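Each of the next two complexes has subunit A plus one more chain, namely subunit B in the first and subunit C in the second.
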Partner chain A sequence: MPIIKLENIQKKFGQNTVLDGIDLVFGEGEFTVLVGPSGCGKTTLLRLIAGLEQVSGGKILIGDRDVTKLEPRERDIAMVFQNYALYPHMSVYENMGFGLKARGVDTGEIKRRVMQVAEMLGIEVLLNRKPKELSGGQQQRVAIGRAVVRDPSLFLFDEPLSNLDAKLRTEMRTELLKLHRELHATTVYVTHDQEEAMGMGDCIVVLNDGVIQQRGTPREIYFHPINLLVAGFIGSPSMNMVHGQISAGTFTSLDGVIVLETKGQPDGDVILGVRPEDIHRPINLADRQHGCALSCRADVIELLGARAIITLAMSGTELKAVFEERYLKDIVEGSPLTVVLDLDRLHFFDAATGQRLNETAQGGELDGGRGANG
Partner chain B sequence: MRKPDLPLQYRLMVPLAVVLLAVMAYPLVFSAWISLHDYRLTRLADVQFRGWDNYLGLIENQQFWTAITNTMTFVVGAVSMEFVLGFALALLLHRVRRFQNFYRAILLSPMFITPIAVGLMFRFLLNIQLGVVPHYLNKIGIHVDWFGVDLALFSLMLIDTWQWTPFMLLMLLAGLESLPKAPFEAARVDGASAWLIFRRITLPMMRPVILVALIIRGLDAFKVFEYVYAITRGGPGDSTETILFHIYKVGFRFFRMGEAASMAYVLIVITLIIVTTLYWSMNRR
Partner chain C sequence: MEYFQSLRTRTGNLFLESLLVVALVIVLFPFMWIFVTSLKPPDLVAVPNVWIFEISGVNWRSVLLESNIPQNIFNSLIVGIVTVVIALAVGCPAAYSFSRFKSTAATRFSILAAEMMPPAIMILPIFLLLYQLSLIDTLWGVILAHLTFVIPVVTWFLIGFFDEVPRELEDQAMIDGCTHFQAFYKVILPVVRPGLAAAAIFGFVLSWNDMFYALILTGGESKTLPVAIAGFWTFRGVEMGKMAVAILIAIVPVLIVSFFVQKHLVRGLGGGAVKF
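What follows is the complex of A and B.
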């Protein structure tokens, strides 16, 4: 499968610039997830790659071929749409074979490939049905089958799981990943769901306002967000943001409640970022040397099952922490509580520009600590 | 005070029911009755019961069958032309983005002229001695008698096409605009050419709208009367005598109301068969 390159892609609708200076490379067999808030331009970018929209500037290359001006059918791309986009009057078999028929593949070969893919996706028994006779999950499988059967250079997925219920979404996510491992196909996947992005992508591209904010592995994006926007968007619950100042190597929050040592950060107004899972009970950070104890009150406890989100209140500051359920037993809503911030995993951002300040994020290497929070 | 016999909702319906009975039910029943009688306006004192004779007489009635054939030819010809032209224009307008409303208003305007006026307009435009169209065609060496024996029915079809293509356009454009965009985008990505998309996606997805448009226009074309009355009066000979004009002639010129009523009932049956067949074909998929 060839490498796909986007060079300085621009897209305007009238006077409105939707995408600006997008440079991206999708490596061979790579699963790239485009993620960002609604209206950030991710679906537009996907449609530009598919050829369903024309670029206002820049180039799209598939291997050595410049496909910028080519029609979608000349690009050798398959796309799975958010609403499945099945042909309502055709059977599942005809839906899956349509692309091959359009490309002049002979009937015997169409039958062989459709049967092979239908078997792979477990939809052989549905081949004679019409789309309206299928459930949402089945329709989604057919849409995926229709893309897979063509064996294209690039797969595009436009929020394919967003119309499914939570359970089915998780199942389909795993199936898509299995399929990707099997086919090893270059894939670009659009979602607004950061958990989906983290769980599926070899590589994540975070977009906002038509500009790439960060491109990296899920680990890089999560542990080393390049700016406040990425830090706030990736992770659930969102990263806690505390405004404050660094002076002579000490961070002090605006309300003076949080005071902690920083490692060689320049003086100035900053925003401290703390992931909810990097706030611990003191007993759970015993093996760490770098902790900063805080006295606060457990305001609200939201039990999610195996873990809980605790809202911690300290005079004017509010933090969210995620504790495992087994560490909740002695915590009562409204009672005082001491927690510790993991100093190795703090993020500092410039208050004026929102850009990351501590370039050597520690968290990526200290991943072993994840999951033992409480 | 005495309680009214009928509940309020039924009493509210009474005026409408009376009007409907007077203008629809009574004429229907009365026409069914006279279709079984030798009912002539010139011999009202001597109305004889004829049973099915009026209907059976139609089997041998050459003029009736000529009128039916003319009407069928007219309906199939005119509606086909309207459909092809209307669909082509709808596809074109569907793509046009600039001045869209202006084009639509212009193209729809013929529909808003009363058919009798359209008939008179074309009678003058196409008249072999006075008409502006034959005049300019003559200048380039083309001599056409639009209302001659060979062309008269075709000319009426053209006039109908001119007036009612906009209706077809309106229906089909509304249909095209209500189709979901995603399957078309999927087909483009799947590698289908414009022609294949039209044939395999647009046409099948438009099927219900197409059938409804054909039924409405077909039924309307069956009722063609104004153009015949305003232009040819059924001539030359009986080449443009359509069924409605024939019924009018037998009933209101020759005053043979019983025979005219029986023809009207046969027409209703033919129309019902056609509509039922089309609906059946629509629901088949």
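What follows is the complex of A and C.
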């Protein structure tokens, strides 16, 4: 599997710049997830790599080959589309063998490879069926099988799970990961679902407005978001953002409710970012001393099963926290309670530019077990 | 209260059903009349109040065995089939282009502009052109004339079908190793097969039913069926029985085939404007 390089990729539709100066390298066997809000240019980037759109500037290299001007069929890539794009007039077998047939592979070899991949994906019994006779999950498998059977240099996935229901999506996510571990194929995967991105990618690229906001491992992206956009996009529920000011090493929120010591942050207008899981219920004094204690009211409790999202109301500020259900037994909606913000995990962003100001103390490491909510 | 509501619904339904029956009678009566006429002995045709008569095969025998109608049917078939084949060969790529590449509603509608004009405007240039090419009173002359209205209609008809094919199918085919044209004929065309069949039938019916162009452009051996049907109106009077037989031969096959593809016909007539 060769390395794929994108060099200063530009894409314009008329006067509208969709992608601007994209430089990326997809390492050998790496699973890269392109993530970002709708219209950020991630699908366009995938289509440029596939050759379905022509770049307005820049180069695309697969290994040492410059494929920028090549037709899709000459690039040796496979792609799985959101709607699977199975040929409705062909059987599953014909769908899977179509790419090989178009490339002049002999019938015996096509049969051997299709059977091998069908067995790997557990779809042998479906080979004679037409796509309309398959469920969404089965269609998905066939689409993946069609890509795998060609043994390409690069796999492209364009939101392949978004048409499936939640349960099937989780199953298919695991299966895709297993398949990736087995094939060790270089993969670029587009999604707007940040959970999918976090769960699947070796590497995540966050795009917005046609520009790469951040590229890193899921941990780097989650624990060290480089700007407000990445911080707000990655994580569910989203990071809490509190506008305030730092003066003489002390952060004070605009409404004066949150006051906490910072570690060497310069004075100025900032936005404090707190992940919902970094707000704890203090169970002992040590917790209170380690963090910044706040008195608030449980406004809304959304029980998700083992966890719950609590909307905490202070005078002018609202924060979302995620607590384990077992720590909620004494709380009902409207209950007053004290919570603690984990000072080691706070994020500060420049209010004007949105850029990150601080290093997190944990450096992206999880310290499981601290605090009462886990 | 419920009783009155149900009464109102039932009365409404009864009214609607009555309207439907009236509409059906209006539409079907001429067919029935033609059918009955075709079976009447020639001397009873002009007596409309005679419903009870001895069924006669004289008209059928005369038309099928003693007239030129079989030759005219053959001419109409040749004209219709060749027109449709050429119209599909031209209309398919045109419709695909209208569907896939940027086209506004106005440009799409412009395909039908020729259809908006009365055929009388077109016939003079067509006649002169065919005269120069020595194609008057030939089947090729009629075919070329028919293509002027069948191609735009077939193109319009197919746009909607191509619009419904997801672009990802041809993207996938190109990634799988096809050129754009291969993706078109190996993947897209088979997918729109029902539309092609319906467009073919619709184009064929237009050609099959045309009398205006055929009447002016043909005369002798190249006469098509509608022209021949009109030929039963002679100086000695209208040969109603024979005409009825020829009319039945002209319409029944078309009606039967149209019945089986009616869903696709309605969809195609919308030209992509109506989704079913």
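What we mean here is this: the second predicted complex is superposed on the first by the 357 of 374 C-alpha atoms of A that agree within 3 Å, B and C clash if a C-alpha of one lies under 4 Å from a C-alpha of the other, contacts with A are read in each partner's own complex, and residues count from 1 in each chain.
Here is the rule we go by: a residue touches a chain if its C-beta (ideal position, glycine included) is under 8 Å from a C-beta of that chain, and two chains touch if they have at least 3 such contacts.
All values reported here derive from a predicted model rather than from experimental measurement.
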item	value
When subunit B and subunit C are modelled together on subunit A, clash or fit	clash
Partner chain in contact with A:His243 - subunit B first, subunit C second, else both or neither	neither
First (subunit B), second (subunit C), both or neither touched by A:His184	neither
Partner chain(s) touched by A:Arg112 [first = subunit B, second = subunit C, both, neither]	neither
Which superposed partner A:Gly99 touches (first subunit B, second subunit C, both, neither)	both
Contacts of A:His89 with subunit B and subunit C, given as first, second, both or neither	both
Touched partner set for A:Leu52, first subunit B, second subunit C, both or neither	both
Subunit B/subunit C common contact set on subunit A	50-52, 71-73, 77-79, 81, 83, 85, 87-89, 98-99, 102-103, 146, 150
Residue ranges of subunit A in contact with subunit B within the complex	50-52, 71-73, 77-79, 81, 83-90, 98-99, 102-103, 146, 150
Subunit A-facing residues of subunit B, complex	180, 182-183, 185-193, 196, 200-201, 204-205, 207, 285
In the complex, subunit C residues that touch subunit A	166, 168-169, 171-179, 182, 187, 190-191, 193
Parts of subunit A lying in touch with subunit C, wherever the complex brings them together	47, 50-52, 71-73, 77-79, 81-83, 85, 87-89, 98-99, 102-103, 146, 150
